[in-house]
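Notes to accompany the following structure.
Chain IDs A, B and C follow the sequence of writing; residue 1 opens each chain.
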Amino acid sequence: MCLAVPGKIMSIDDSGGELMKIGKVNFGGIIKDVNLAYTPEAKVGEYVIVHVGFALNTVDEAEAAKVFEYLREIDGLDELTGEEKQG
Amino acid sequence: MDSSLHSELILQCPIPISDYPKVLLAHGGGGKLMHNLIEKMFSVAFSNDILKQEHDSAQIELTGNKIAFTTDSYVVKPIFFPGGDIGSLAVNGTVNDLSMSGAIPKYLSIGLIIEEGFEMSKLWLVVQSIASAAKDAGVKIATGDTKVVDNGKGDGIFINTSGIGIIEHSLSISPKNIQTGDVIIMNGDIGRHGIAIMAEREGLEFEHRIESDCAPLNEIVQNIISAGINVHCLRDLTRGGLSSTLNELASSALKEIVIEETSVPVHEDVQGACEILGFDPMYVANEGKFIAIVPEADSKKCLAIMSSHKFGEGSAIIGRVVSGNEAIVKLKSRIGTMRILDMLSGEQLPRIC
Amino acid sequence: MKFIDEYRDKDASMRYSELIHNITTKSWNIMEVCGGQTHAIVKYGIDELLPKSIRLIHGPGCPVCVTSLELIDKSIEIASREDVIFCSFGDMLRVPGSKKDLLQVKAEGGDVRIMYSPLDALKIAKDNPLKEVVFFAVGFETTAPANAMAVYQAKEQGIKNFLILVSHVLVPPAIEAILSSKNNLVQGFLAAGHVCAVMGYNEYFPLAEKYKVPIVVTGFEPVDILQGIYMCVKQLEEGRHEVENQYVRVVSREGNLTAQNIVSTVFKIGTRKWRGIGEIPDSGLVLQDDYIEYDASLKFGLADLVVEEPKECISGQILQGIKKPNECEAFGKICTPERPLGATMVSSEGACAAYYRYRKI
């Protein structure tokens, strides 16, 4: 439950109060209005994950890279192990 | 007919809005009001030598070996959408059906079924759109008919167009001619029309407007044929998306088709819209898009010809016809796995799940 | 698209597939809870990339699928009323009720509208003061914050003609129901990433401990799912049963407290009937007393409606992972996407529909 898409905040309009804070969020070129009530800390330029018109959380760029860092670590270990075996 | 009306570029609705702001039953009744509509609106917009004959049937002289003949009806909602309307769709759709046999489209008939109460100003916009699309496609409106139905029985306006084209080539362009080893080429990116319609219909506002790619394909097809490409099959993509078209062809030809997901062009904004709505671009409706199935030896040249036409921007080889035991379409996913690309049942609806 | 495309990377997917093969020595059954994960697994053929000894069981992670037949019938009853504008997410329109679905109600003249967001329904209520506007509030915890906000705003703004038909379900009770069932085959779980984005994953520790199963909070793209499966298999092979988080870029342990606050202001936990499974206590959300005036079921006098389910449909067993779609007598024959018997076929996330559309080669 499930369909939430990451998009980049282009601008924020908080004239409607905290619970009706609206951001213009860019999804690959498509811009949609998104309710930012649940991501009060989110800033312009940050990415949020959006479900049914609401941002549920910001996307943490540093954490996002971990999926690939893990693979690089494993590959590094494999190389090391390979060298030791050859050596 | 008043010649001064004919000579100026008509920007204003020729039926006085103050008198008839909406279409009445009488406008389809065969009497004075209908003749007024035909004279002042249709004949003026579609003006040509055939229409001027003013017979019950148009008399046409045709050249060529064979004639291609097709018909289609258009009931699209909304009537006006980014990049087009029911009028331009009605012309291009039929022009394209003719083009898919390699025929040169020549004449169209227009049958209008208008709901009583339909705004006259909207009718005028649709009529102008038909005229403009016909001009761009190089076809003449040879004959037509108008009916008006009771309010509540017609959903605005329905259009039927039938078309005649002449076939001057001697190729056999048909699914039965598809061979193992053939290459499948698309004339650009998929999904624009469906997303444009969905956005308009559901009131989804995308700041960056996605427009329908509705367009006439006769010229680009003639370029392919006159370059001597041995075209085995042509098919335009419509409601069920690329997937439906491929499945229909695989079924008719009794062949296996394999498509590479990463080769199918999808524009980033269409992709973005599909992600938000939960749509698969392979199933989104298209207009102005077709696939050419040609032998491997002709594929590079065909691709070049298609790419150099304005309605072929972004053309790409998307897959091949392979040897196999059954009529099936398979997709090689972007992560390298294979799956069956089935027909969709029903329309895709925006999802949250 | 950033944060999507890189998680559909072929090399990374293949690498995780290789890692899974390297560490797998036994057979394991893993359940992915969320329909979106099922969709990705079937669409990208992820089970093709796994050792044959790893079986993925598609769980009841589709709130559309598990919405009880009763609630569907209630929605149809309400949508058929002349004074009602019925608003729903697109997913619900083709879910079969006892006699018809919402799409048919629409075809027969009912004012049924597809919404992208529940706030759009609230706007319709404001613009149509003479009509009752009812929103079909379906979803797991992921959608609860949005639905809660709509009701919260309705009260704040004094909008009296807005109602919701509540069908919210909660994931941890469903997982517990599966684990405690005597037919249970599931040895490890991929928890629903977006549910956890809202709720965090504290609730899963007691479950992992009590039933000795690893639970990995997982995302929705192929690389996410493969990494989630890898983490789960690693735990199983090493005899561990912990809660881990694969979807670190979006999920934190505590979740989104602002969202949880609004949800608990508007909703409270209650009993819910799950289609194909039955009643699970404390597994759903109902409106708090302060917001009870927004309950469509009460307003239209449908609170006592009870409906039984068709005998041929085994979607309950499919949802629990006991049977696969192609093991159902009706699958592909009297039950197809065009003529579905149960929600697992009609919902594009349903295991049966996903199987039918993307079936393996």
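The criterion applied here is as follows: a contact is a pair of C-beta atoms (placed from the backbone, for glycine too) under 8 Å apart; a residue touches a chain by one contact, two chains touch by 3 or more.
Keep in mind that this is a model prediction, so the values were computed, not measured.
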Checklist entry - Can you name the chain that lies farthest from subunit A, using the mean of each chain's Cα atoms as its centre? => result B
Item to check | Geometric centre: closest chain by C-alpha means | outcome: C
Checklist entry - How many Å are there between the centre of subunit A and the centre of subunit B, using C-alpha atoms for each centre? => result 39
Checklist entry - Can you give the whole-Å distance between the Cα centres of subunit A and subunit C? => result 22
Checklist outcome for this item: So subunit A residues touching two or more other chains come to 1-3, 5, 27-28, 51-52
Next on the checklist: Going by the contact rule already set, what residues in subunit B reach two or more other chains?
Outcome noted: 204, 268, 271-272, 275-276, 278, 351-353
Checklist entry - Which residues does subunit C have that touch at least 2 chains other than itself? => result 1, 4, 35-36, 62-63, 89, 116, 120, 139, 143, 349
Checklist outcome for this item: Per the touch rule, the subunit C residues reaching subunit B in their complex are 1, 4, 8-10, 13-14, 35-36, 42-46, 48-49, 62-64, 89-91, 93-94, 114, 116, 120, 139, 143, 222, 336-338, 347-349, 356-361
Checklist entry - Taking the complex as given, what residues does subunit A use to touch subunit C? => result 1-6, 8, 19-20, 27-28, 35, 37-40, 47, 49, 51-54, 56-57, 59-61, 63-64, 66-68, 70-71, 74-75
Checklist outcome for this item: subunit C partner, complex, touching residues on subunit B are 202-204, 268, 271-272, 275-278, 280, 330, 333-340, 342, 344-346, 349-353
Next on the checklist: Which stretch or stretches of subunit C touch subunit A in the complex?
Outcome noted: 1-4, 6-7, 12, 15-16, 19, 34-37, 39, 61-63, 89, 116-120, 139-143, 145-146, 149, 152-153, 156, 192, 194-195, 197-198, 220, 223-224, 227, 246, 248-252, 256, 258-259, 262, 349
Next on the checklist: Quick check: in the complex, which residue numbers of subunit A touch subunit B?
Outcome noted: 1-3, 5, 24, 27-33, 50-52
